[in-house]
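Pasting the structures in now, so scroll down.
There are two complexes below, and they share chain A, which is joined by chain B in the first and by chain C in the second.
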Partner chain A sequence: MRPKEFVYHRARDLDHALALLAEHGEEARPISGGQSLVPMMNLRLARPDHLVDVNDLGLDEIREEAGALHVGAMVRHERYLTDPLIRRHLPALLEAVHWIGHPTIRRNGTLGGSLCHADPTAELPAMAVLHGARIVLASTAGRREVAACDFFKGAYMTDVQPGEMLVSVIFPCPQGAHSGAFEELGERLGDFAMGSFGVVLEHEGGVIRRAATVCGGAKMTPIRLPEIEAALQGQTLAGLDAAALGDRVTGLIAPAGDFQVSAEYRRALIGELAGRALQRARDIALNAQP
Partner chain B sequence: MTRITLTVNGRKHVVEAEPRRLLADVLREDCGLTGVHIGCAHGACGCCTVHVDGSPRLSCLTFAVQMDGRAIRTVEDLGGTEATHPLQQAFRRNHALQCGYCTPGFLMALLPFVEAQVSAGQMPDDDEIREAMSGNICRCTGYQGIVEAVRETIGDALAAKTEAAQ
Partner chain C sequence: MKAETPRQIGARVLRLEDPRLLSGRARYIDDIRPANCLHLKFVRAQVAHARLLDVDTSMLADLEPAVTVFTGKDIGKLSMKSHQDYPEMQYAEQPLLAQGRVRFVGEPIAAVLAEDAYLAEDAAEMVFADFDFLDPVTTMEQALDPAVQPLFDHWKNNTWVERQMKGGDLQAARAAAAHVIRRTYTNQRHTGVPMEGRGVVAEYDPGQRFLTVWSSTQMPHLVRTYIAEELGLPESRIRVIAPDVGGGFGVKGQVFGEEVLVAWCAIQTGRPVKWIEDRRENLMASIHARDHRHTLEAYVSAEGRLLGLKADITVDIGAYSTYPFSAAGESGMAAKVMPGPYDFQAYEATFRSLATNKCPNGTYRGVARPSAVFSQERLMDDIAREIGMDPIAFRLKNIIRTFPYRNVLGFSYDPGSYVESLEKTRELLAPDFARASATAGDPNRRIGVGIACFIEQTAHGTPDFTRRRVPIETGYIAARLEVMTDGHVLIDLGLQNHGQGLETTMAQVASDALGITPDRIYVRHGDTSAPYSVGTWGSRGGPLGGGAVHLAATEIAGKMRAIAAHLLQAPVGSVQLGDNKAFVSDQPDRFVDLAYVARSALRNVDRLPEGMAPGLAAEASVDGPKDGSYSNAVHAAVVDIDLRTGKLKLLRYVVVEDCGTILNPLVVDGQVRGGVVQGIGSALWEHFVYDAEGQPLTTSFADYLMPQAPEIPMIEVHHFETPTSLTPLGAKGLGEGGAIGPPAAIANAVTHALDIGVTGTPLTASVLWHLAKTAREGG
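Moving on to the complex of A and B:
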C-alpha cells in the first residue's frame, strides 16, 4: 500500500520546525529517520496531514556535561557503536544498540524517532528507563524535561503533546567503577525482542553500591524492578547468585502473550535473560577489579 | 506536486512528484530503473536498498521529495546490463541467486560492507557477513551462496591488493 496525501514541509532549523508543529498541531508529525513512521504510513496505520522533516536541524551531538551524556534527537543508532563517550559511560546501551534492526536501519534511524515511536520492546526506550534519563521536549512555548519513567505511557504512546518535539535526551552517567550488560531474544537477528533485560552495576571494593535494572516485554512499556535493585545493593560481586535473581524476576512480572509467544513462555524467557545479563555484568565487573 | 531534482546514477532527473510518492516508485516509474525492487514496502525485506550520497537506505521508507538535491545510486550503476561488477560475477559463480528478485537489494546493502573490508585489508567471518545482510530476505538460496560470494569477492580483492603491493 501507499500513504494517503499529505503536505511536506522541510524545516530549516529548530525554530522553523517548532513554528510548523505549532501551526498544524494534531495534524502534523515530525519525520526523522522515517524507519518507523513510513512503514506505518504505507500501511495507513498513520495518516498525518502534514509532515515536518527535521533532518536539517543538526541536533546530532553527543556531549558530556555535569556527569551526564546529552544526546541529540537526531543521533543515528549506528553512531553509538563507535562513540568513545558511550563506550566509557553507557556500556549497557552499547550492547543494546547491537540488537536494533539491521545495519541499514541503524544507519538511518534516530534516538528521537525511536523514543517517540515507543515500541514496547524497542532497545533505546529501555535504555532511557534503565539509566533514569530525562527527555527534553521543545515547543514554541519553551522547553520541558520529562523523566523517562513518566515519558512512556503505553504501547506507542508517549507524553509528547501536539506542537512538541523531542530535542535531546540526558543520560546520567553511572558513577565510579561500573559495568553493564543487556540480553534479548527475538525470532531472527534484527527482529523486535520477545523479551529483554538490561542491568548497570556500580561497585566499589567488590561490593555493589547501586544497581539499576530494566525489563523489556514485561509490560507495554519498559519497567525497572526495584525489588531486584534493592536485593543487589550491598551484595558482593563474588557472592552474586545471578540465576537465583533471574528466578525472582520471573516471580515479579506478569507479561502478556501475543501472536509470537505465550505469556508463560515470555515470563520464563525474561527470567532467563535476567539471569544471563546479571551474570555477565558481574563477570565484567570482577574482571575489571585490580 | 513538488518539483525535485535528483542525480541518479550520475544523471540529473527533474521530476514532478506528489509528496506521498516513495523514492522506490519514482526511481522505477519516472526514472525507468526497474532494478529497484519492492518486496514489502515497509522496511522488512531489503529489496529496495539504494545508496543516498553513498550510504545504503531503503527507498520504500523514503519519500522522493526528501531527496531533492541528493545523489542516488541504484543497482543499474554497478555493472550495467551485463552485470560485470566483481560482486555480481561472484554471485553468478556461487549460485547466490535463483529467481533474482532479492539480488539488487543484497548487492546494494553488501557493496559498502565489501568495500570497507577490502580497504581495511581484512576477511570477515561468516557471522559478520550474515549480520551485514541481515536486513535482506531471500526466499530461494538459503543464503549460503551469498555468504560465499561475499567471501570470494573480498578474497579476490585482497589477493589483488597483495599482488599489486609486491
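Moving on to the complex of A and C:
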C-alpha cells in the first residue's frame, strides 16, 4: 500500500496550476484535500505521474452574487457548518455536510475534490444536483460551466477533461421562503450512505411553489426525481402526505444491490428516507410560517 | 512506623504501561530499524485456485538498484506443517512460497527484497505468475460435494477431519422428550483486526551464527522453535523478540510462514530483512476466523428440562492448517464447549473442518466459543419460545447448580456463580423488559432484550492439549524473577503483553509476595530470553502466568526473610515484608530495607547467614489444571430497531461476570469492554465476503466494517468473585470472555424485538430490514 513514484508540484497560483495541468495532461492529477486521492494512490488504483497541489490557490471563498452562492473549489467541508450564507440559503446542504465522514475528513476534504472524485453516494455531489448547481472548470484554454446533472457521468467519472480543474461551484439560491432537509443512512456514522434523499421546498402562503429533490444510491450518480417534484409543486404544505410520496419514490427507482445491501432493501430505504426528508422539510416550512 | 503495604492484588491500579503507550513512546515492529536493511514485499496470488506453472521474475533482472527475488523454486521444502494427530485427519503443508498450486487469494508466491519498501512494492508488480485455473471451492456445500476435486492432490475429499464426541444416552433422551427442537445457526467469516498488522524483522550475525527475529507475535518461543526446526538451526542461537504489539486478539497467536521466510531471507542475503504487513494483506491473508454452521437438535421434557443435545458442526477452515492449533482445532472446540452451563447428560456431536479456497481460519478471541455460544444461546431462546417459557426462567430451570459438576463429556466444572449471574441480570434488566413491551405494537420501532449465558474453559494447559492432540502440545507458563542489588525487581515473563495489562497485574502479584512496591518492579515480556512458555492466548495469562510469578516471588520472599532475620537478629517466623522493607512483626521499628537485603544477597555476601548461597532469583511455572477452570458470565443487550430502515441502536449492554479472584478491577473491566466491542462487530458488521470465484470483496476498511465509538453504548460490567482452588491465586481467565457473548445476546435481543428467530450473523441493517419484513408477513 505505497503509491507508485510520482512528481509533486506545488502550484503557486491558478495560472501555474493550469499550466502544469496543461503540460502533463492525462498524467497529472490535482490534489486538494487528499482524502480520496491518497488512499486511491496507496492502493495503486490511481497512478498519476504528476501531482499538482492546488492548496495555495486560494479558491476558498463563499460569496453571494446575483441570487447564487459561489463556492470555491478549496472550501473545506467543515466550513459550511458555521457559514451564515450557507445556513440562510442552503439548509439542505448544511444538513448533508454533517453526514460526511468524520471530523478529520471534513477538516481536509474540499468541494472540488468531492465533486471530482464523484463517489456515487457522496453528499456534496448530491447537493450540487439538488440545487441545479453549475460547475466552473478552468484550463489554459479558458473557463466553461457545466450543469451538475451533466457533470457526473458515472461512479467516479465526471466531465473534467485532462488539463482542466474545478475552480468553483455556483449554487443558485432557493427563492423566497424555503426549507430543506436531507436524510441518509449508512451502517455506521460517517460511512458512505446506503441511500440518501434531499429536498428543497420553495413556498408561499402555505403552498409549494417549486420543489427540488435528489436521490443518492438509486443510480451510480445522484438523480433528481421530476415526478416527485411535479407532484409537490402546487401542493399545500399542510396537505402534503410525505409518507405517500416516499412510497411513490420507491416505485420510481430501481437501485442495484451489492454484497452488503440487497436491492430490495435499498429501494425501500430510499423511499423511507424520502418520506422522512419530505416530512421534515414540510414541518420546518410550516413552523417558519408567520 | 507501621510498615503495612496495602494489598496490591485486587486494587484498582492504573496500568503502568499506559504512559508509554499513550504518549507515543511504545516501540512497535516498524520501529525496529536495523542499518542496511532490505525490505520485503510479498507477491501474493490474485486467483483463488490454480496450478502454478511458472513465476516469471525476469523483469526484475535489470532493475537499478538491484533487487533480490525468491520463489517457491528457491526454498526447497520449507513449509508450515500443522497436523493434529487424529487418524482421520488429512495431512497438508503450506510451502512458504507457493509450489505447484495456489489455494487462496493472498497466498505468497514470491518474496521481493529491495533497498526500500517503495522499490520493493514497485518491483513486486513486475513479477508475473502463469496459472492453469482450477474451479475454486468457495462454499461449504462445494467442499462437501464428493464430485468436487480436492484442494490437495493426495486427498480423498475436502474434509480436513470429521470426528465425533459423545456422552450419555442420546437415544433415551430423544425417547423421553416431549419436544424436539431442531435449528441451524451460522456465523460469518470475520476476524480480529489489530490496529497494527503483522510484521517481521530478522538479522543474522554470521560471526556469532546468531539469528535475531523481531516479530509482532503473541508467542515468541513457539516462533523460535519452529524457525529452529524448519531452518535446522540450534535453538540456542536464535532469539525472538516481540516488541510492543499493537493488538493481537489471537490472530497473532499462530506461527506464520512469513516469520520463517523472513528469517530465512536474512540468512540467505546476509542482510537484515524487514516485512511489514499492509492492511490489504492483513484483511486478505493474515488469519480469518469463525465461519461456522451448526445444526442442533434439542430434546426437552414436558416440564422444560433439557434432556439431550445433538450437534452437527461444520467449520470452513480455508486453504491451510495453521500452526499450532491446526485445522481441527476450531470445529473440535465448538463440539467440546457446546454443552455449556446447562445440566444434561446426553450429547452427541459430529464436527468437521472443511478445506476451501479461502484464507486459513485460525484463532481469534474466543476461539469457536462465540459461535458455539451463539448457537447454544439462540437455541435456548428458540426452545423457550417454542414451549412458551420465559427465556431466563427456562435457563434457570436447566442451569448447573452444584459444583464441581461433571459434564456430559466428563469435564469437571469448578464452582462459579451461574444462578446468581442470571438472577442479577434479570434484576438489572427489569426496566428494559418493561420498555420493550411498550413498543411491542409500534409499527415503526421495536425494543428487544436478549441475554447470553455462558461459561468459558480458561487456564487450560497441557492435559487439555494432550487430550486434543494439538501441535501446541504443552501449556505451562513460566516466569523468572530476579531482585537486583538495589532492591528493584526484574520479571522475565513467558507471556507477551499486547493489551492485557500484564505489566501491571504481574507487578501487583509480585509486589504482594515480595513486599516491594510495583514502581520497583519491571516486567519484561515477549522475549525468548524469558523461560520457555507458549505465549499469551487462551485466557491463561492471569491465572497461570500470575501463578508462576506468585510462586517465584514467594520463593524469593522466603530467602529475603531468612536474610533479614539474620540481619535483624530475629526469628525468621517473625519477619514480614512490606513497603520495600523487612520488619519484625510486632516491632515495626526493627526493620531493614529490602535494598540492603538484596545487596547482602548479591554483593556483600559476607553479611549472609553462614552457608547460604548468594543470589535472589527464582523461576517457576504453572500449568493448567486437568480440565481448566471455568469462568462464567451473562451478557445482556437491549436493542432498538427501526423497522422501516433496519437501523439497530444498542441502547444498553450489560455484563455480569465471574473470573474468580480479580487481580485488578480496572484491567478486568477494560478486557471485558474491549471484548464486547469486538463481539458487537461480530454480531452486526464484520464479514469477509468472497465471490463465486473466490475473490475477497472486503479488503479495506471501506468494506470490512468494524465497530466505531458512536455505535457503542456504555458497557456496564458487574462482578461476582468465586475464586477457584485450581490456580495459585484463585484467578480464572477472562481475556476472551467479553467477545464471546455479544453475537448471542444481540441476536436474542433482535429475536425478542422482531418476534422471529434469528439464525445467523452479521445483523446488518439490510438483514434486519428483511427479518422485520418476514416477521411482519408472518414468515
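Here is the rule we use: the second predicted complex is superposed on the first by the 290 of 290 C-alpha atoms of A that agree within 3 Å, B and C clash if a C-alpha of one lies under 4 Å from a C-alpha of the other, contacts with A are read in each partner's own complex, and residues count from 1 in each chain.
Quick note on the criterion: a contact is a pair of C-beta atoms (placed from the backbone, for glycine too) under 8 Å apart; a residue touches a chain by one contact, two chains touch by 3 or more.
Please read these numbers as outputs of a predicted model, since none were measured by experiment.
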{"item": "Chain B versus chain C as contact partner of A:Leu269, first or second or both or neither", "value": "second"}
{"item": "Which of chain B and chain C A:Leu43 touches, first, second, both or neither", "value": "both"}
{"item": "Touching partner for A:Val261 - first (chain B), second (chain C), both, neither", "value": "second"}
{"item": "Partner chain(s) touched by A:Thr104 [first = chain B, second = chain C, both, neither]", "value": "first"}
{"item": "Touching partner for A:Gln35 - first (chain B), second (chain C), both, neither", "value": "first"}
{"item": "Touched partner set for A:Met1, first chain B, second chain C, both or neither", "value": "both"}
{"item": "Chain B versus chain C as contact partner of A:Met194, first or second or both or neither", "value": "second"}
{"item": "Touched partner set for A:Asn55, first chain B, second chain C, both or neither", "value": "first"}
{"item": "Overlapping contact positions on chain A, where the chain C interface meets the chain B interface", "value": "1-2, 4-5, 43, 188-190"}
{"item": "Footprint of chain C on chain A - complex, ascending", "value": "1-2, 4-5, 43-44, 185, 187-192, 194, 259-262, 264-266, 268-269, 272-273"}
{"item": "Contact footprint of chain B on chain A as seen in their complex", "value": "1-8, 10, 31, 34-35, 38-39, 41-43, 51, 53, 55, 101-105, 107-108, 188-190"}
{"item": "Residue ranges of chain B in contact with chain A within the complex", "value": "2, 18-22, 25, 41-43, 46, 49, 55-58, 60-63, 65-66, 109, 113, 130-132, 134-136"}
{"item": "Residue ranges of chain C touching chain A (in the complex, touch as defined)", "value": "117-118, 121-122, 125, 278-280, 644-647, 684-685, 689, 691, 697, 700, 702-703, 705, 707-708, 710-711, 764-766, 769-770"}
